[in-house]
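Contents: one structure, followed by commentary.
In this document, chain identifiers A, B, C and D correspond to the written order of the chains, with residue numbering beginning at 1 in each.
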Amino acid sequence: MTQAVVKTDIGYTTTDTIMVRGLNLATEIIGTFDFVDMIFHTMLSRRPSPQEKAMVNALLVTTADHGITPSSLAARLTYIGAPEALQGAVATGLLGAGSVFLGTMQNAAEMLCDAARPLAADTDDAAIRDAVRDLIRRHKAERRAIYGVGHPIHVDGDPRVPALREVSRANGFFGVHWRMMDMIAAVLASEHGKKLPVNAVGAIAAMVAAMGLDPLIARGLSLVGRSAGLLAHILEEKEAPMAREAWELVLRADPRNVLP
Amino acid sequence: MTQAVVKTDIGYTTTDTIMVRGLNLATEIIGTFDFVDMIFHTMLSRRPSPQEKAMVNALLVTTADHGITPSSLAARLTYIGAPEALQGAVATGLLGAGSVFLGTMQNAAEMLCDAARPLAADTDDAAIRDAVRDLIRRHKAERRAIYGVGHPIHVDGDPRVPALREVSRANGFFGVHWRMMDMIAAVLASEHGKKLPVNAVGAIAAMVAAMGLDPLIARGLSLVGRSAGLLAHILEEKEAPMAREAWELVLRADPRNVLP
Amino acid sequence: MTQAVVKTDIGYTTTDTIMVRGLNLATEIIGTFDFVDMIFHTMLSRRPSPQEKAMVNALLVTTADHGITPSSLAARLTYIGAPEALQGAVATGLLGAGSVFLGTMQNAAEMLCDAARPLAADTDDAAIRDAVRDLIRRHKAERRAIYGVGHPIHVDGDPRVPALREVSRANGFFGVHWRMMDMIAAVLASEHGKKLPVNAVGAIAAMVAAMGLDPLIARGLSLVGRSAGLLAHILEEKEAPMAREAWELVLRADPRNVLP
Amino acid sequence: MTQAVVKTDIGYTTTDTIMVRGLNLATEIIGTFDFVDMIFHTMLSRRPSPQEKAMVNALLVTTADHGITPSSLAARLTYIGAPEALQGAVATGLLGAGSVFLGTMQNAAEMLCDAARPLAADTDDAAIRDAVRDLIRRHKAERRAIYGVGHPIHVDGDPRVPALREVSRANGFFGVHWRMMDMIAAVLASEHGKKLPVNAVGAIAAMVAAMGLDPLIARGLSLVGRSAGLLAHILEEKEAPMAREAWELVLRADPRNVLP
């Protein structure tokens, strides 16, 4: 094996300079870029348009977390064992972002990108319905999940979806991916008798697909957003703990456990 | 043990509503808040002032990462083993944020908060110098590190520090914590013969302390910022891999390893 | 939703007793069980036969790690950032056990279990060859990897495989799964012109499949074994560091990075 | 900076050989070593005595886990989000091994090693009592925890401790560290009015200290043992799930959460 060149195009460092994607971090970025600018700059070597920035902010805000989720509960349970290592608690809360929760945004975005690729931007509803029927048929045949629909709690509709649809419309990103996502829920209801409304995962997948971003970025940005929510949970756990009580509550559910 | 109430004040969920800190996520937050608004809202139950937002953006931008660090290299090495689990690679890159790299922002902020607590905002330089001398003496006696100074690469000065100082000045957060941080470097140079300029860790610690935030938030926000930088590294690793070559480069450094 | 019973059959605790799978930890397990006994007891509610114990020891020993791998290098890079949090460094080294390295034992075991299910224990070689041809055809058609063959370094044969084959033979676990694994390499060579000898992953998958264990256990036991190897690396990193030098070696490979 | 040699003494690889601490993995280790032999060999370059092996087996067995702990509950919560990434769930369960749970074995072993260093093996009880009084005084003055005593559930005594004491006695490792650990509990009771019996952490710390091993190994081996327990929990979660129900139980504890 010949040794290939080992380098990154993201940046490099000298004794007095830090360069990131061709710009000087100290003199051209800090104080000029906001966080979403920096996300685009490091990932894509360009700054976002105001519309893209609004979309990404909505996505980060939506994934930041809320209340007790498996992710925030796991992070708190780790924190109470290792309060000196905040990074381990945050990492814990991210590790559940897989094929069932959160990480599924990547799968949903891949699903939409694949299915929408052959369709023109102005495709009529009939063509989208055909593509959706085909998608549902293939996923069933291959026993793959259909992503982005249904929610264990928000059974009549995920309240975040209308808000995200509005953000997409307002910023010019309501197109074939969103229409396909909505059509999936419609066809599941009308032709399969399944009430599975679009959920936040499906909405975010449609947004990422509409912006032409790699589906991996859907999962990636949800990790960034979630890390902020986890930080809030851990700060609260430090001030007003509840994880130990949550653990005891679970222990006591089995009467064989006898606590003092 | 009486079972305490098990709840979080961050939020709760009903079948049709998600509430976060008293606001309705769908109708009052999404589309209205940007990401930094959301960070303040979930952590502190309030929105940031424009000045605070500028400070936090500078902090997130600075910690996002650049080039090859132990953190980004570890994340890439994990990614090539488990490309289907992005969350594991991002978690890996965060787990090194401890007492030596990145996490040390928390330690530095604690150090500044403790030492500055008895000082008035308009303390003169002589009083700050005395406090710094005392701080250095105590840290030496207890064999604790002095955080926020020195850098293995930027030996003559960390280029991010003037940029962060300027952001702090422009937003009204250049006060006793920054002056103390600068004085630490000055006293180490003049009285201990040690050239250890303030580094980015020290600057960010001074910023977080000046804003009156919990030192834990210094480490926490650096994790949020870093997660975005890690995402950029992993996207590049997917398109233009270098981690396997980096690994081989390390293997070949020991001539006993014989590769094909 | 009616609240289901929330309990584990693994164990429970009272103020003076800890029960694990029906045995008293203090009076019936500690001092009587060795670690492999405990692994079987907690997972399967039974103790292993001497033959099973020999197999599992061979598997744990083989996966413990050796030299610089992406896993051990990532763990060391995390350790130098957070030496106070050993658990984060060990976790890092495990997180790469996915579909490419290490975790692939699970995929290989699933592949062997699926393909061997219709075959009798005394199936002749011709029937195994047919099953293997079919397996290769299906995996190619579905663009799925064929697991357990080939190695980037041990291109002429993985030295661990004969040793693991011998352990399996000596303990009565050399049967249809092993013969299928060997046949995969043979058919790839004779019919596809590909020199891809069985590797350690394939050998361990065959061992786990032959013992009738859940394929998940293949990945799981490799995590247990690897955790011990990672501990050895981190202990060495503490006494005789090399991770910082490895990082610099990678940095210097790009001449734009200028270190002091 | 001159580039230092970048190498590990743990092992190296050629195209046809894997060497671990001077032995050929394929021809000298696999099939000959059991797992505890391998742990000693990779960490310490030697095999354990039968007595050391019995001690380490007891330690691994004790830390493997039992029932619902914060560690196993967090691992299950991660698993249900990312069942395709077992490594993330195991990593999660390890990340809580910090200064409060599990990882505290390292702190306790350090405490015992430091305090016992000046004492001869045959020190009389009076000298040990003096050393313990001094230890308690120093820890109080520096507001550091005293490790290895007390348990939230086993308030009258940890049932594992007599079993571990017996293993230590039987294998010749009941000496000054164990006597000091027992004395700490005795002095806390008689002189401070505190009923804080020795717990499993204290017992394991005494065992590791008595064997002359680095305190880091106490935390490290508990991670190895725990990884096996976590595997059992995740296998059960796959077959007979309870994590989702546990999460709902916690949600329902706050009546503002309204589930369908």
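Note that in this section a residue touches a chain if its C-beta (ideal position, glycine included) is under 8 Å from a C-beta of that chain, and two chains touch if they have at least 3 such contacts.
Note that the structure is predicted; figures quoted are calculated from it, not measured.
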Check every other chain and keep only those touching both subunit A and subunit B; list them. C, D
Subunit C against subunit B, contact positions shared by both copies (same if over half, else different): same
Comparing centres built from CA atoms, which chain ends up most distant from subunit A? D
Comparison of C-D and A-D (more C-beta pairs in contact): C-D
Averaging over Cα atoms per chain, report the distance between subunit A and subunit C in Å. 31
Between subunit A and subunit D, what's the gap in Å when you average each chain's C-alpha atoms? 36
Nearest whole angstrom, what separates the Cα centre of subunit C from the Cα centre of subunit D? 23
Mark out which residues of subunit D touch at least two other chains, giving numbers and ranges. 5-8, 12-13, 15, 19, 67-68, 82, 84-85, 87-88, 91-92, 95-98, 102-103, 153, 155, 246, 249-251, 253-254, 257, 259-260
Using the contact definition from the top, classify how the chains connect: line, ring, star, complete or other. complete
Subunit B-touching residues of subunit A, taken from the complex the two chains share: 1, 3-20, 24-27, 29-31, 33-39, 42-43, 54, 56-58, 60-62, 64-68, 72, 85-88, 90-92, 94-98, 102-103, 106, 153-157, 159-160, 162-164, 166-167, 170, 214, 216-217, 219-221, 223-225, 227-229, 231-236, 238, 240, 242, 245-246, 248-249, 252, 259-260
What part of subunit D is in contact with subunit A in the complex they form? 67-71, 73-74, 77-85, 88-89, 91-92, 95-103, 152-153, 155, 243-244, 246-247, 249-251, 253-254, 257, 259-260
For the subunit B and subunit D complex, residues of the former touching the latter: 5-8, 12-15, 19, 82, 84-85, 87-88, 91, 250-251, 253-254, 256-260
